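Following this message is one structure expressed as structure tokens.
Per-chain numbering from 1; labels A, B, C, D and E assigned in written order.
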Amino acid sequence: MPQPTKSWVYYNDRLARYLFISSAVLVSLIILCIIWFVGMQGLSTFREVSFLEFFTSSKWSPDSGQYGALTFIAGSIGTTLIAILLGGPLGLAGAVFLAEIAPPWVRAIMRPATDLFAGIPSVVYGYVGITVIVGFTRKITNSSTGYGMLAAGIVLAIMILPTVISLSEDALRSLPGSYKEASLALGATRWQTIWRILVPAASPGILTAIILAMARAIGETMAVQMVIGNSPRFPDSLGSPTSTLTSNIVMEMGNTPYGSTWNNGLFMMAFILLVIALIMIILVRTASRKGAVR
Amino acid sequence: MKAHQANRFASILLWIGAIAILALLVAFLTLILGRGLPYLTAEFFSGSDGVRGQLFNSFYILFLSLIFSLPIGLGAGIYMAEYAPQNRFTDLIRLSTESLASVPSIVFGLFGMIVFVNMFGLGFTILGGSATLALLNLPILVRVTEESLRAVPRSYREASLALGATMWQTLRKVILPTALPGLITGITLVAGRALGETAILIFTAGMNVSRILFDVNPLAAGETLAVHLFAVKSNPLPGTNSDQIADGTAALLILMVIVFNICLSLPSRWLQYRLQGKHRG
Amino acid sequence: MDKIVVKELDLFYGEQQALNSISIAMKERSVTALIGPSGCGKSTFLRTLNRMQDLTPGVKIIGQVKIDGQDIYAADTDVVLLRKKVGMVFQHPNPFPKSVFENVAYGPRIHGETDKKKLSEIVETSLKDAALWNEVKDRLHESALGLSGGQQQRLCIARLLAVGPEILLMDEPTSALDPISTMKIEELIAELKDKYTIIIVTHNMHQASRVSDRTAFFLSGDLIEEDITSVLFTRPAKKKTEDYISGRFG
Amino acid sequence: MDKIVVKELDLFYGEQQALNSISIAMKERSVTALIGPSGCGKSTFLRTLNRMQDLTPGVKIIGQVKIDGQDIYAADTDVVLLRKKVGMVFQHPNPFPKSVFENVAYGPRIHGETDKKKLSEIVETSLKDAALWNEVKDRLHESALGLSGGQQQRLCIARLLAVGPEILLMDEPTSALDPISTMKIEELIAELKDKYTIIIVTHNMHQASRVSDRTAFFLSGDLIEEDITSVLFTRPAKKKTEDYISGRFG
Amino acid sequence: APTTTTPAPSTNTTTIDKKTISAAGSTALQPLVKLAADDFMAKNAGVQVNLSGGGSMTGLNNVASGSIEIGNSDVVSPDELKSAGLVDHQVCVAPFLLIVNKDVTVDSLTKEQAADIFTGKVTNWKDVGGKDAKISIIGRAASSGTRLNIEKIVMDGKKMTDAAAAQDSTGNLLTGVAQTPGAIGYVDAAYLKDTVKALKFNGVAYSPETVINGQYPIYSYEHMYTKGEPTGTVKLFLDYILSTEFQEKNVEKAGFIPVSKMKK
């Protein structure tokens, strides 16, 4: 057998390694860049606006110099919570169903079908929201328009389904089969096994799914903007107009001069979103680390 | 017995939940396709307000964004799965990919607008849009790559290395081919999401298309189907049948995603079948 | 008295037959060892006795398994009750990711016991019966995953005893354990046989001869021979058995 | 001549020591069997000989391993060349998801062979040497995953032979196989020992006595005793060895 | 301050220099610019006019930064952007309409009534002569040019109530008003659809004539900004929009009013 030119093989190996490392580093650089740019632009708001006002006032009226963003922060958190309360249990039920109950052929249909939810453009969700869901929320909240957190929450609940379902199902599936066997062998029913053993054992993964779904919900823009009502104030009810960080950014970004305090305030909102996303990631990591220790 | 009843009850509930989820999807699909399919005529594509330009842009921007993000995403994913030692450095990289994955797309949009549109002076172009879209793809690609590589049995790696192969040879000849079906599925997901992306592209690729049919100039205007849908919905220009265009575009988008899923899942199934050999499912 | 009677049991994984017309009977309060080379069907057989095999998709079972005179494959069998009566210990210790206490209390809980005091009693008795009490009594509320392999396996036995089974199925319960843990489990089996009917799969012929009253030798899905342990190991009736126990293969 | 000389080898997994000062030498063209209870460090030791252990994160190795007089843990060692020279067969057959031909041709290819004709020759010779040629010659281009377990294991051996190693490490190569496949592999080992230095880990003491020239007994990370196989099995020097081979534990 | 050029007669020295020019900004003005672009491209083969919405400020921001050639705006450029050297071209007048859901029985509002509704003082249709039904305001974003004009003209500079729901675009606003019982909103006249009902203002229905003769006051001038004085293709395009031919033939057809017709 011919002796390979050792250096060549080695050279390739090393080159590939460096390429991979640099790609990985590049990914880190990108996120740092994003934080830097959005952060710098956003933080310059505080040259003219007090930190305290921005975070504690709910008066957003930039043309009269009032820059309180509390409404938007609360709106984002509120809609996200509604979305999780509605979509979380349904998604988890779907995941348990897929992992433990569905006959193989049902799973073969349902799993890719739920992925389709993720492929529907957000504008379409928003459109269905305006034409169907807002009418529904107008009725049940007995408000005059129906635009508001409930409508946005429902739309988001549907949008996060694929995330919750697929990640939770993966978590359930990655459990060792021995848990299920052990429980069934003790005479537990299938439901007892699911509820007392499998779901708790998969809880770090399920938690990860929920948190990532929240990240998705809080960052969603177009669909929310179409059904939230976009009024910059605390709502009287779940069915009256308010705003979220994202919806307010798209609403006003196109109509404010770049570099103005108003515009910077919008970047600051984007920066808050970024920070929330980062916090969520840290939560995910602690959740999964806690899972690993057990 | 109580346990039995609870079991039965829970099973029924779970079935109902699953059916509800599917029913929701079916409702969405029938609503959108029902409204839009009738408008998908030749005129819809090539008429004076036709969407063939947007259709082309959708795929062109997707293609370019994958060209930008695939090498980096694959590279970083491979690094994380195969090389990364457990240390601060890789922790940092892992943290950044995960963070990147949870960045709201509007933030990408704004970032792209500052950097590509304004700082680099690209304006609202296909290039600016696809570069920003690449940022959205990147973390998903890293994650998908890492996961599919990790799913390759350790034994393949060991077997190859024990034969005196270098890591790169092992990757190229054994691990990547074995992981290919998973990679393809992952890329399908990425592509599906990118095709429907709106918020990013509004701020970076703009809202109109080149007059030239199939304009491959990356500096041409880059409105995609999803953005077009947004644009006609929000600005129903008088004198156009904007409602029909919107409904048709929504249906077309859904069709594209479905076709995309099917088209890309077939080769990956076939590959899987071939890799596993006839004698195993 | 015969506790378990199996008659002409065939089992198929899809097309492939894994058990060929097995007939065997096991006495109450006795230990039966199942031996045979890897893949001969020992685990498969064991898992038909508490219908764990039902969980494997595509399995077809023909024939009869009677426990206390009742056909467990009859249509009206309550599988959950059956599994409560016929407990199982697995090759790899598989405690739940819960505390030691919760692991043992799990069975009684799912079978409806809610009284805290009673639960504590059951947990204590079971852990004592499984010869684990002294080692864990101070860490009942720590995670069971922190125990050593041998302790985990005894915990699994305790967890089993807590639901009050009559039959114990053990699938290579010591193959993943160190010598000392193995010895402890073997001693435990010797004690438990006064109360329970035990069937144990083992790869280790010495273990079979140490712990069992009777031994059954499987080969490629057939039950070749079944006899009093000392007889089977010293004067096997079949040439194949002799080849196997003399180590000519396997 | 001593092909492999190990001197005072310590190995740590993180904090935990898995090998304690192992010293042993293996002759060229001989078969050495490593026996001992589960977890005693047999696999760990074997994997230090071709530096596969390097792949496990957090492993620390102290001591010396010399092959052909060269310290393989020296800084200038070419690990890739080392692994080419010291081949390894694993417990579970692990063919690549490629055709039979491509599996065997893999090694020569990565080492630079591109000539189609030469490759075919190497594949044929290797398959013949691994006693598999007749069974697969008509299905060279079908997926290797379609072969039976025993065939897969021989394919892995063929794949190994194709790169022209001098030493073969085998980690329980037959433990996942049926009796007939096991016999074939044992016969193969007997043939291969004319050309190669072989080290085999086995749980089956009969197998050890059938195939090996010398046997080493490990217990909890210590090399207890190493001797000519027949001597070790009939007149072991140490009490622990005797206890183990007489089946008192393990 | 940005200088306002009067429609200049095209000079023959100007020639096509760029093959592609881009305009973006106001959604109100977009229908008109689209018409002009279509005609202009038909006349000058090989020239491409890219057109985007995005809002008035998007247009101004991007023309100031040089990413596009023309910024369309409903409003006069703010001070922040003056240093960029923006030059204003007033191209037409855009009228606005008050619109309501079709179930609203009221047909006309006085300026005071409209102002009371939009400031949130009046919240029931019966207070302005309709049936007993809640009023739902669906307006535009706080930064929209259309909204600024309504606040200026109808409400004498008072602010729209916060309780109003807002949509970022005319299309979504139209959908909202059409779907919500008792809803009121406002759009550029060009976008009026028959899914909603247009109200008379002070008893006057909108028509180009009522705007020109001063009876219908809700309108504003539309601007197209360039960075520095326009040259080449950009100038040709602006000249075309301001040409008598285009102003007379197309501007009214598109729902706008030619600048030249306004009585100064």
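Operating definition for what follows: a contact is a pair of C-beta atoms (placed from the backbone, for glycine too) under 8 Å apart; a residue touches a chain by one contact, two chains touch by 3 or more.
Only a predicted model underlies this, so the values are computations on that prediction, with no experimental measurement involved.
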{"item": "Farthest chain (mean CA position) relative to subunit A", "value": "D"}
{"item": "Inter-chain pair with the most contacting C-beta pairs", "value": "A-B"}
{"item": "Cα-centroid distance, subunit C relative to subunit E, in whole angstrom", "value": "82"}
{"item": "Rounded Å distance, subunit A centre to subunit E centre (Cα mean)", "value": "36"}
{"item": "Distance between the centres, which are taken as Cα means, of subunit D and subunit A, whole angstrom", "value": "50"}
{"item": "Chain centre separation (subunit D, subunit E; CA means) in Å", "value": "82"}
{"item": "Residues of subunit B engaged with two or more neighbouring chains", "value": "3-4, 118, 166, 169, 202, 233"}
{"item": "Per-residue multi-chain contacts in subunit C, two or more chains", "value": "80, 110-111"}
{"item": "Of all residues in subunit A, the ones touching two or more other chains", "value": "9-10, 188-189, 192, 250, 253, 258"}
{"item": "In the complex with subunit E, residue positions of subunit A that touch it", "value": "61-64, 130-131, 134-135, 138, 144-147, 225-226, 229-233, 240-241, 250-260, 262"}
{"item": "Residues of subunit C defined as touching subunit A within the complex", "value": "50, 52, 55, 57, 80-85, 87-88, 90, 92, 94-98, 106-107, 109-111, 143, 145, 156, 159-160, 163"}
{"item": "Complex contacts: residues of subunit C adjacent to subunit B", "value": "80, 110-112"}
{"item": "Residue ranges of subunit E in contact with subunit A within the complex", "value": "53-58, 60-61, 64-65, 78, 80-81, 134-136, 138, 141-145, 159, 162-168, 172, 175-176, 179-183"}
{"item": "Residues of subunit B defined as touching subunit C within the complex", "value": "2-4"}
